[in-house]
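Working notes for the structure below.
All chains are identified by letter, namely A, B, C and D, in their written order; residue positions are counted from 1 within each chain.
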Amino acid sequence: MKKLNVGLIGYGFMGRAHSNGFAKVNHFFDLEHQVVLKAACARDGGKVKAFAARWGYESVETDWHKLIQRDDIDLVDIATPNNTHAEIAIAAAKAGKMILCEKPLSMNGLEGKKMVEAIEKAKVPNMVWYNYRRIPAVALARQLIDEGRLGRIFHYRAKFLQDWTISPDLPQGGAGLWRLDIKAAGSGVTGDLLAHCIDTAIWLNGSIDKVSAMTETFIKERKHNLSGKVEKVGIDDACAFLARFSNGSLATFESTRYARGHKALYTFEINGEHASIFWDLHDLHRLQYFDHRDEGKLRGWRSIHVSDGDHPYMKNWWVPGLQIGYEHSFVHQVADFLQGVESGKPARPTFRDALETQYICDAVLKSAQTRQWEKVPKVTRTA
Amino acid sequence: MKKLNVGLIGYGFMGRAHSNGFAKVNHFFDLEHQVVLKAACARDGGKVKAFAARWGYESVETDWHKLIQRDDIDLVDIATPNNTHAEIAIAAAKAGKMILCEKPLSMNGLEGKKMVEAIEKAKVPNMVWYNYRRIPAVALARQLIDEGRLGRIFHYRAKFLQDWTISPDLPQGGAGLWRLDIKAAGSGVTGDLLAHCIDTAIWLNGSIDKVSAMTETFIKERKHNLSGKVEKVGIDDACAFLARFSNGSLATFESTRYARGHKALYTFEINGEHASIFWDLHDLHRLQYFDHRDEGKLRGWRSIHVSDGDHPYMKNWWVPGLQIGYEHSFVHQVADFLQGVESGKPARPTFRDALETQYICDAVLKSAQTRQWEKVPKVTRTA
Amino acid sequence: MKKLNVGLIGYGFMGRAHSNGFAKVNHFFDLEHQVVLKAACARDGGKVKAFAARWGYESVETDWHKLIQRDDIDLVDIATPNNTHAEIAIAAAKAGKMILCEKPLSMNGLEGKKMVEAIEKAKVPNMVWYNYRRIPAVALARQLIDEGRLGRIFHYRAKFLQDWTISPDLPQGGAGLWRLDIKAAGSGVTGDLLAHCIDTAIWLNGSIDKVSAMTETFIKERKHNLSGKVEKVGIDDACAFLARFSNGSLATFESTRYARGHKALYTFEINGEHASIFWDLHDLHRLQYFDHRDEGKLRGWRSIHVSDGDHPYMKNWWVPGLQIGYEHSFVHQVADFLQGVESGKPARPTFRDALETQYICDAVLKSAQTRQWEKVPKVTRTA
Amino acid sequence: MKKLNVGLIGYGFMGRAHSNGFAKVNHFFDLEHQVVLKAACARDGGKVKAFAARWGYESVETDWHKLIQRDDIDLVDIATPNNTHAEIAIAAAKAGKMILCEKPLSMNGLEGKKMVEAIEKAKVPNMVWYNYRRIPAVALARQLIDEGRLGRIFHYRAKFLQDWTISPDLPQGGAGLWRLDIKAAGSGVTGDLLAHCIDTAIWLNGSIDKVSAMTETFIKERKHNLSGKVEKVGIDDACAFLARFSNGSLATFESTRYARGHKALYTFEINGEHASIFWDLHDLHRLQYFDHRDEGKLRGWRSIHVSDGDHPYMKNWWVPGLQIGYEHSFVHQVADFLQGVESGKPARPTFRDALETQYICDAVLKSAQTRQWEKVPKVTRTA
């Protein structure tokens, strides 16, 4: 087996999720590459050493510039806040590394475009961690659509609801809270949560032409952890938008961190001429499916427990009826990425594919400002 | 249209449920008979007058002997406590009346046998109010079994869980509480709740050969409302039993009034070679159905919203998607009874059919005493 | 008891639902009035006679002008297509009758305003059949909000999904299909379905300030049943809109008749600072409730089976655990209307209250045309 | 950190599940020991080498006698068929190794007793892999019971339903199918599935006094994979039993491999005086909880998404709302075992604790033969 040496930058929530993906993938998937946890990188030397010890990274760096120049690093994995993605990715591309980048790709479409140009110039394998495409139930949804089971699509609706920022005492910014800091995150729920919904949507249902959006910041000021002062909140606490897909279907999207009772309720539903699909991250191992072609008196929503050997990814895990969880989507993404490298058919979404989501996010945020419908610039997807 | 004059005995919970069935049936079902609420009968003259006024009964009686002798009564409906069923039914049969009798048929099998003999000698139309057969989802279950969709049956399981007698302060006996009084009720949950489960089970899955049961009375003494004294509790608070059906399938049955969180949770599940069925009284308008012959990756339990025009009884009600409720099962039972009278094909369960349930209840209670498996005497069902 | 003589106009789906409400209300509710089904009116003499016979109406009319002039009619109930509401209601008001009018109030806000003026000039009791306010679970939701349990409201989302017009072979117009005919219905899903969602929303969450909407007509032409020709379809097949409530909360609304798997899936969810509520017409007897003030490790969505005696309306029905259904909301509405007449505190929504919904529908349809956010004119609600 | 060298015997389904537990535990739990995958052992040299390579075991053995004699092995993990547990465990105990043994402990109680004696004589840390105790939702159930929230327990009911042996063409015995071979498995669903239900039950609700059981073998003969001949099937395909707990509560247990639609549906419900609990392996990340002490009109079953930081084990994983799966129960079990070793308070169930389950299984199988209630011999649990 070929070794594939990984250099990880960032050790937060995503750093752990990615590391777990790297550590487990060879236990469960047959690949030509053996993933090696070669180096972990973060500014705080003590913390990164502890992180590396826990996960078995062979070495540490405290300067990412050094990491990407190391000859023994094949793949750079970017798991840092959004405002650092572009600089690191462009430098890593120039250094000829394979690159995995946490989502969203960038702070905005303009920045994302530069990243795409850099990476395509360098011709390095690349992927963005829109991990929900790799939940088996979501992958099954894609199969069903590809097989034409839904027929003409009429409706798409998605939401991503959380409730963790309702307290006005929660500060913005700093470790673990950079997602509330407009300078580090670029936006609020739009880039953090709706980006996931949009990535799945365009993967399942094609491009979006235009949007009409509204955003709201319910808590106007919060203490900033870095400055120590009460500052204006720059992010969107909530965002909802109407959309029209290129295939003629209508959509509603909504995200908020102010929906009591929902921790990470990402749901989507697609209504087609013949069949409908519903999925819910809180019960991620199930797909709800309704097929109008079933015999009339026996029609009903089927609750498919996506844990059988003929379901996507599941033959690699346990036995029918036994669930996998959130973290497995990252294992699958590593497996797919490597199979993409091995087969020459790149796994998706590439940086280019993720740029489309970035443009939609831009249009959504712009529409919320202009209070007009906004068109989405076209992106050619990876062939 | 022919008039069919009803004389109701008893104005409790079941008196209301039956009256509502009589009052509504001609609004929703096409029948040859027009049901007329001719007389209501109960010992308390004031109360029965108020009841009659509310429901539109044309007259009242305070002595049921008088009611059953009235020439203008075609049908006697027995909605009184269990210990009065036999005497009234036998007398009404002798008087040549059609008879509807609330379940359970009788205090025990011996008594029930006499009722069957009397009614068959009199050759009068008769039926017992095992109303759950007429819930559309339950009727659909029967259709599916009749169509052979389940194949060989392996398992049957049913339970009926309530939680209303957990307080030791609840008295036994008296108005509204006669179900706790062994002298009026004959048994506790066995006759009250398991009788329903058994009636459905033998209707769907055929006869039961033998049973092994246990019963328990959690609260040993309660104040008796009639005597005013603390007395030993004679009824079974809970009962569970194993059973073997004649078709080779295995069954578990359980009922209790000590299951917190369940008001009237009657559920049953049937597992066949090809398909399985589940139903739940708390969501009575749905049938859960799993068919192994569905395409592998799309197999799942279908939640069938039994509200379409091609579902049993539903074309008579509203439009698809709009639920009916508990009370409608009684309307259906009146409709089916009248159609049975009109067509000459009696609706079920007749007294004879209900006797089979009585024998099973007897065997269950006996097994709980003997701590042995007990055989169930055979009953020939109505042809 | 005082007699209250009802004259019903129209014998379609709603004519049946209203009649059932009138027929049952005195069986289950203690009122000063005895409802009398005095007359049914429709143009087809044969059919209205059959309808009257089935339901027990004492007489029939084939001209509604005659009906509203009859001295023995106290209350006129309008259950005809939308384009006839205004003329009948205004005439009935002039004739001094109490008026119940099926929803939506009118073809548009202008027409509705005239109806409000007429009825207020005549000072007659009046109400619009937005029946979903009277589903016990929905009434419980209102109680919880009135008690302040949710705290500040952040989000409201509602949808009403159906799937019955997907076939291009379905004609528009004519008996049973007038809801597809723009001339009879005034709009498509907006007036038919979203009007229900809006009525509940403004009752639960206050006024809506502005909206941004999109509509779509998926099947552009259909055969018209009256003309016999293929004609352009004028109604909206689907409509979705963003809204901002006066209380600062954000909302999404959506309705369609092209959502496979949903017969009448009206759902709403409200997210407040402390608690959230969810309701679903397909399981109308349940309310989902999440309260953040519950102990941390035990927080969860509670599935409340709204069938206990302390739930709204339920003490009038059966025993805990036994569901009621769709039709009961109409019984409740008659009961509430009569109690309003008896107490001098009118039941809601009055024509005036329903006008607010009409204005919102107008703004929604206008926004779909202008592709702009549209403001909603203010209406003072009934004191 | 101290090294803890593991020697695994067996590489089937459970060999993988255990290995994953060993491989992941130090990534997510803070322990004094570093688990080292030192050696994997199985008879087939080629296969065990491939297995070792995949999982990172440093060496292989093909004779378990050699493995348990190796000085560099601290812990022997037994993941072989049931009929080999006793011999290996007793030998490993004599060799002074820590022992983890896959469930059920033994072929029967007599054999189990010998294992307990051997291991207690050797005074080695030991545990049986009843992994479901470590599902966070199940651990939460135990917390709630320990806190006295349920009050007096009235009812316990558990079932474990599968559907994978319905086809008569499925052979018995041989690799992957030894669970169908009476000689290798000792029993059918009783030892395989009910043992899990029983272990959880006695952990949550105390000892069982007596049982009344029935078993069935639906397919009487199957081809045996080892002999190549059609042979009588010796295992129980299905088993159901009634039980009485020492605390006075009543129970029903059922297991089968003939329940269409259920892959691994292990469910249990406990009804107490004040509260009830329900759990379901098919949605293992949820606990259903009903508390009668909640305010009357707001009582309902709470669906607790057991994914918060204050839920058992969950602070070690991701963020609220993100599920873990089946495999994590094994990681937890390794963590708990090691913490037991480190703290001197042994993790449960020990061999001694698991012997109680073995005695209950024996009584169940005996009762199915004698058709009598059978008493369960008492076992003193580990202090």
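Methods note: a residue touches a chain if its C-beta (ideal position, glycine included) is under 8 Å from a C-beta of that chain, and two chains touch if they have at least 3 such contacts.
Predicted, not measured: the structure shown is a model, and the values here were computed from it.
Enquirer: What chain lies farthest away from chain C once each centre is taken as the mean of the Cα atoms?
Expert: D
Enquirer: Please work out which of A-B and B-C is bridged by more C-beta pairs in contact, and write that pair.
Expert: Between B-C and A-B, contacts are more numerous in B-C.
Enquirer: Find the geometric centre of each of chain B and chain D from their Cα atoms only, then give the gap between the two centres in Å, rounded to an integer.
Expert: For chain B versus chain D, the centre distance works out to 42 Å.
Enquirer: Centroid from C-alpha atoms only, then distance chain B to chain C, rounded to Å. What do you get?
Expert: Here the centre of chain C sits 36 Å away from the centre of chain B.
Enquirer: Report the inter-centroid distance (CA atoms only) between chain A and chain B in whole Å.
Expert: 55
Enquirer: Indicate the residues of chain D shared as contacts by at least two other chains.
Expert: If we look for residues of chain D contacting two or more partner chains, we find 262, 299, 301, 305, 308.
Enquirer: Going by the contact rule set out above, which residues of chain D touch chain C in the complex?
Expert: It is residues 140, 143-144, 287, 289, 291, 294, 296-305, 308, 310-311 of chain D that touch chain C.
Enquirer: Any idea which chain D residues touch chain B in the complex?
Expert: Interface residues on chain D, with respect to chain B: 154-155, 157, 159, 161, 163, 166, 212-214, 216, 218, 238, 240-242, 244, 248, 250, 252, 254, 256, 258-262, 271-276, 290, 292, 299, 301, 371-373.
Enquirer: Please name which positions on chain B make contact with chain C in the complex.
Expert: Its residues touching chain C are 13, 17, 19-20, 23-24, 26-27, 54-55, 162, 164, 262-265, 281-286, 305, 307-308, 317-328.
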